[in-house]
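Look for chain A in each of the two complexes below; its partner is chain B in the first and chain C in the second.
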Partner chain A sequence: MIQNVLADLSLYGRLVAMQLRAQMQYKMDLLIDVMTYFLVTALEFATLLLYFVPFPTLLGWHVGEVAMLSAVVSIGFGLAELFGGGIDNFSVVIRQGDFDRALLRPVAALLQVSTNEFRLRRLGRITQGFCAFARALFLLRGFHLIWTPLKILALCLGIVSSALIFVSILLLGATICFWTIETTELTNILTYGGREMLSYPLTIYNQVLQRTFLFIVPLAFGTYIPVCYVLGRALPFGLPDWLAFLSPLIALLFALVALVVWQFGVRRYQSTGS
Partner chain B sequence: MLTIRTGEVVTDLSKPCNFFLYWFSRESGRSFYYFFWRGLPTYLAGWLIFGIEFGASWLALAGFLGCLILGAMSGIAFRVLLNLVAFWLLEARAVIVLGLTTAQFFSGNYLPVAFFPAWLYALASWLPFNGMINAPAQIFLGKLSGGPLLAVLALQMGWLIVLIIVVLLLTAIATRRVVVQGG
Partner chain C sequence: MAMIEATGLSKTFRVTKRRSGVFGGLRSIVDPEVRLVEAVQALSLQVEPGEIVGLVGPNGAGKSTTIKMLTGILVPSAGEVRVAGFNPLHQRRAMSAHIGVVFGQRTQLWWDLPLIDSLRLLRYLYRVPEERHTANLARMRALLDLDEFIDTPVRQLSLGQRMRGDLAAALLHDPQLLYLDEPTIGLDVVAKARIREFLLRINAEQGMTILITTHDMDDVEALCSRLLIIDHGRKLYDGGLSEIRDRFGGERTLIAILDPAEINALPRNATGEPCLMNLPEGVRQIRFDSPRVWLSFGKEALPAHELVAWLGARHRLKDVTFQEPEIEDVIRRIYEEDLLLQEVGVV
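So, the complex of A and B:
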């Protein structure tokens, strides 16, 4: 059993390395791609900063705090885009009938799908996330934030968890492809929409939206709650502080749900022929 | 851009209809489709949830529709312009993404143009992107009428003409020497 997992992991590593080698062949193109994506995401961050020119605070949140929130969301989303590129592209695989080939191979279909495309240009967003985080720290210099190892741990756990949840959302969207061939806009609402919404403090939204992003699609557990913990702010709905460390567990639960749905979809898959 | 990348653009160019007109018609059809399937449902949702209504006069409605159509055509011309870059750079996706994002930023998609700091607002009001989304929205909300409205419409028309001329020029230059790789 452990041998199977290790073999799968080594296969995943080799497939990803193959993609990396292929993309590194066109170094100039890759550099332009990464820089463009960095500029695009930086423009989005600039929008956030511009927002605070006419309005000094957002429901009590200072520009530096919102910038840190946006940076954390950006890094998590960038990681998800990096690792979930193949899943995002799944509608093309289904439409061209290539999924049958994946099913005929003696390896799990999900492994093949997720290594189909490893988009290195997403490094642009991750870089922007780190730059934004630096900018946030600069903006917060008057706040005298005390950094404890626990806070850093909460942030790292949160980023990894939010990346996992984003990938699970992409997986759910890919599963819908089995029935609708094209990914519905619903996945875009949750990924791009979720990213945009969670770049701002959760408390500015109404109760329904807050509960949705906490309990149904628990993105807020990976982004808003760890940042609240770092900034020393109270959590919504009076939730206890230590929940900031529970984010990996919640992310794993959500991923499990997505996996179950995916397996259900694979079993009921009827090819459209090629 | 995709047809240029796969070489299919040759079939498009060898058709007896104007290249730009062909793409313009296709994109106009798409815009029309999205107006009904994305625009109207979003408006209805906004009307139901937030109670947004169209409270301006019939003259404003005419101005709104005119601005919208001009803006849509400018948007199509701009997109075709970006995609033409693929004739020179094989992987033009980066340029296209950057161009589209700049357009979105200056048309108020990220942050309403009204919230721009003064210097940025002055720049944005002279670019064609303002007329694509922001100007129709302003007319809809009744914030733009009379003299300024006509000025905005004139600027939109001017930009549309400039964009179309540039696109036609670039298409002429590009199609004179097209080298297709493989088949």
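So, the complex of A and C:
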């Protein structure tokens, strides 16, 4: 059992290494892609900051606080784009009929699907996320924010968890491809839409949306809740602040649901072949 | 124990028609328009270890569906399958370590990387012990002459080289059974011959069982001891190659271009088509589309050059070409024969 997990992990590493080596064949392209993506995402961040030129706060949130939230979302989403590229690309795999090959090998199909692409250019967004985080700290310099090991832990757990939830959304979207390859927009609403919305404090949205991002697509657990914990802000619905440490559990639960749905999709593929 | 044993294999697809419009995609999920298509119907087949069996049939005959069911990609609607002792349905991953699959039109190699990288990685994808992998890789390099292009990125390989790479990739984990789907499609004559020679060799030396689908009758003649013809998802023929050639495949077609001036002078048949008169025995005119005439003749009835000489002596020939029998022709002839039998039955 453990041996299999280790073998799968090392195989994952090798498959990703293959993708990286393939992309290194086009170094200049890659460099330009990373830089372009950095600039595009930095522009998004700049737009967000511009909002605070006429308005000093957003429902009591200072520009630096929103910047931190946005930076955390950006890093988490960037990681998801990096590691979930193959899953995001699944509609192409299905359309070209390449999924058959994954079923012809003795290792898990998802392992092969998730490594059929590794979008190194997405490093642009992750870099931007870290820059934005630095900018946020600079904007918050007057706040005397006290960093404790627990706060750093909550933030790191949150980022990894939000990445896992984003990847799980991509996986759910990929699963839809077993039925139709026309509805990929549905996932984009959740990924890009979720990223965009969660870059702002959750409380500016109506209660239905707040509950959705907390209890249905629990992205807020990886972003909003840990950031509130770091900033010492109260959570909506009177939720306790130690929830910030529960984010990995919530993310794993969501991933598990996505995985079950995926397996169901694979079985459907095996009975329809399309 | 048979390598492949399938009884009553059937596959019915529910084909949903896509709806158009903005929410068409969504509506297709919720409320699909369904039509049933029987891709494979009650197909039974048995392949013994060491056999090379050709699976032939026209496009859409159900070849791919059959292969997909035998490899565990598709779950049959009905029927029993065992491949190399495994049930592809419940033991797909265990079984996949014992079979090799090559799709002629799709590669399993990593496009942007040198061939050797893919071949090395496959060891981990199939969990092959290092020693065995090293030995197999060395043997494949020698047998398929991979060394001249093993460090070239796959995208730069010629189709023939890529196919050799794909064959190696499919065999590195020591499969007992090799599925080949159109392995020679698009290859030139030399490359085709090379692939065939290699397949015969691994069959003879290792006793590799091979199931091959192809459109190329030359592939079948060179490789297969047994032939399975399917059409419309049903088995039309299962038996030796020589029998089918004797019965259906021996006919070739000659297409002659005549001098237009001469055509007007030719006698006409009942349908008003010009006719060549007093054709040698075993030769029949099957079509006339001025200035071309199609003649069908048996290989044994008359050597091709004699027919050309016969025609040249009596008519002013502008050009002559030959058509080898295609698998479609063979199948058409089987149908004709069937019809013939039915007609006899009625009388």
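Going forward, the second predicted complex is superposed on the first by the 267 of 274 C-alpha atoms of A that agree within 3 Å, B and C clash if a C-alpha of one lies under 4 Å from a C-alpha of the other, contacts with A are read in each partner's own complex, and residues count from 1 in each chain.
We adopt the following convention: a residue touches a chain if its C-beta (ideal position, glycine included) is under 8 Å from a C-beta of that chain, and two chains touch if they have at least 3 such contacts.
Computed from a prediction, not measured in an experiment: that's the story for all the values here.
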item: Residues of chain A touched, compared between chain B and chain C (which is higher); value: C
item: Partner chain in contact with A:V53 - chain B first, chain C second, else both or neither; value: first
item: Which superposed partner A:E44 touches (first chain B, second chain C, both, neither); value: first
item: Partner chain in contact with A:D241 - chain B first, chain C second, else both or neither; value: neither
item: Touching partner for A:S10 - first (chain B), second (chain C), both, neither; value: second
item: Touched partner set for A:D100, first chain B, second chain C, both or neither; value: second
item: Residue ranges of chain C in contact with chain A within the complex; value: 13-14, 18, 24-26, 28-29, 65, 68, 71-75, 92-94, 96-97, 99, 101, 103, 106, 108, 110-113, 117, 121, 124-127, 153
item: Chain C-touching residues of chain A, taken from the complex the two chains share; value: 7, 10-11, 14-15, 18, 21-23, 25, 96-98, 100-101, 103-107, 112, 179-180, 182-183, 267, 270-273
item: Footprint of chain B on chain A - complex, ascending; value: 26, 29, 32-33, 35-37, 39-40, 43-44, 47, 50-51, 53-54
item: Touching residues (chain side chain B, partner chain A) in the complex; value: 91, 93-95, 97-98, 101-102, 105, 110-111, 115-117, 120
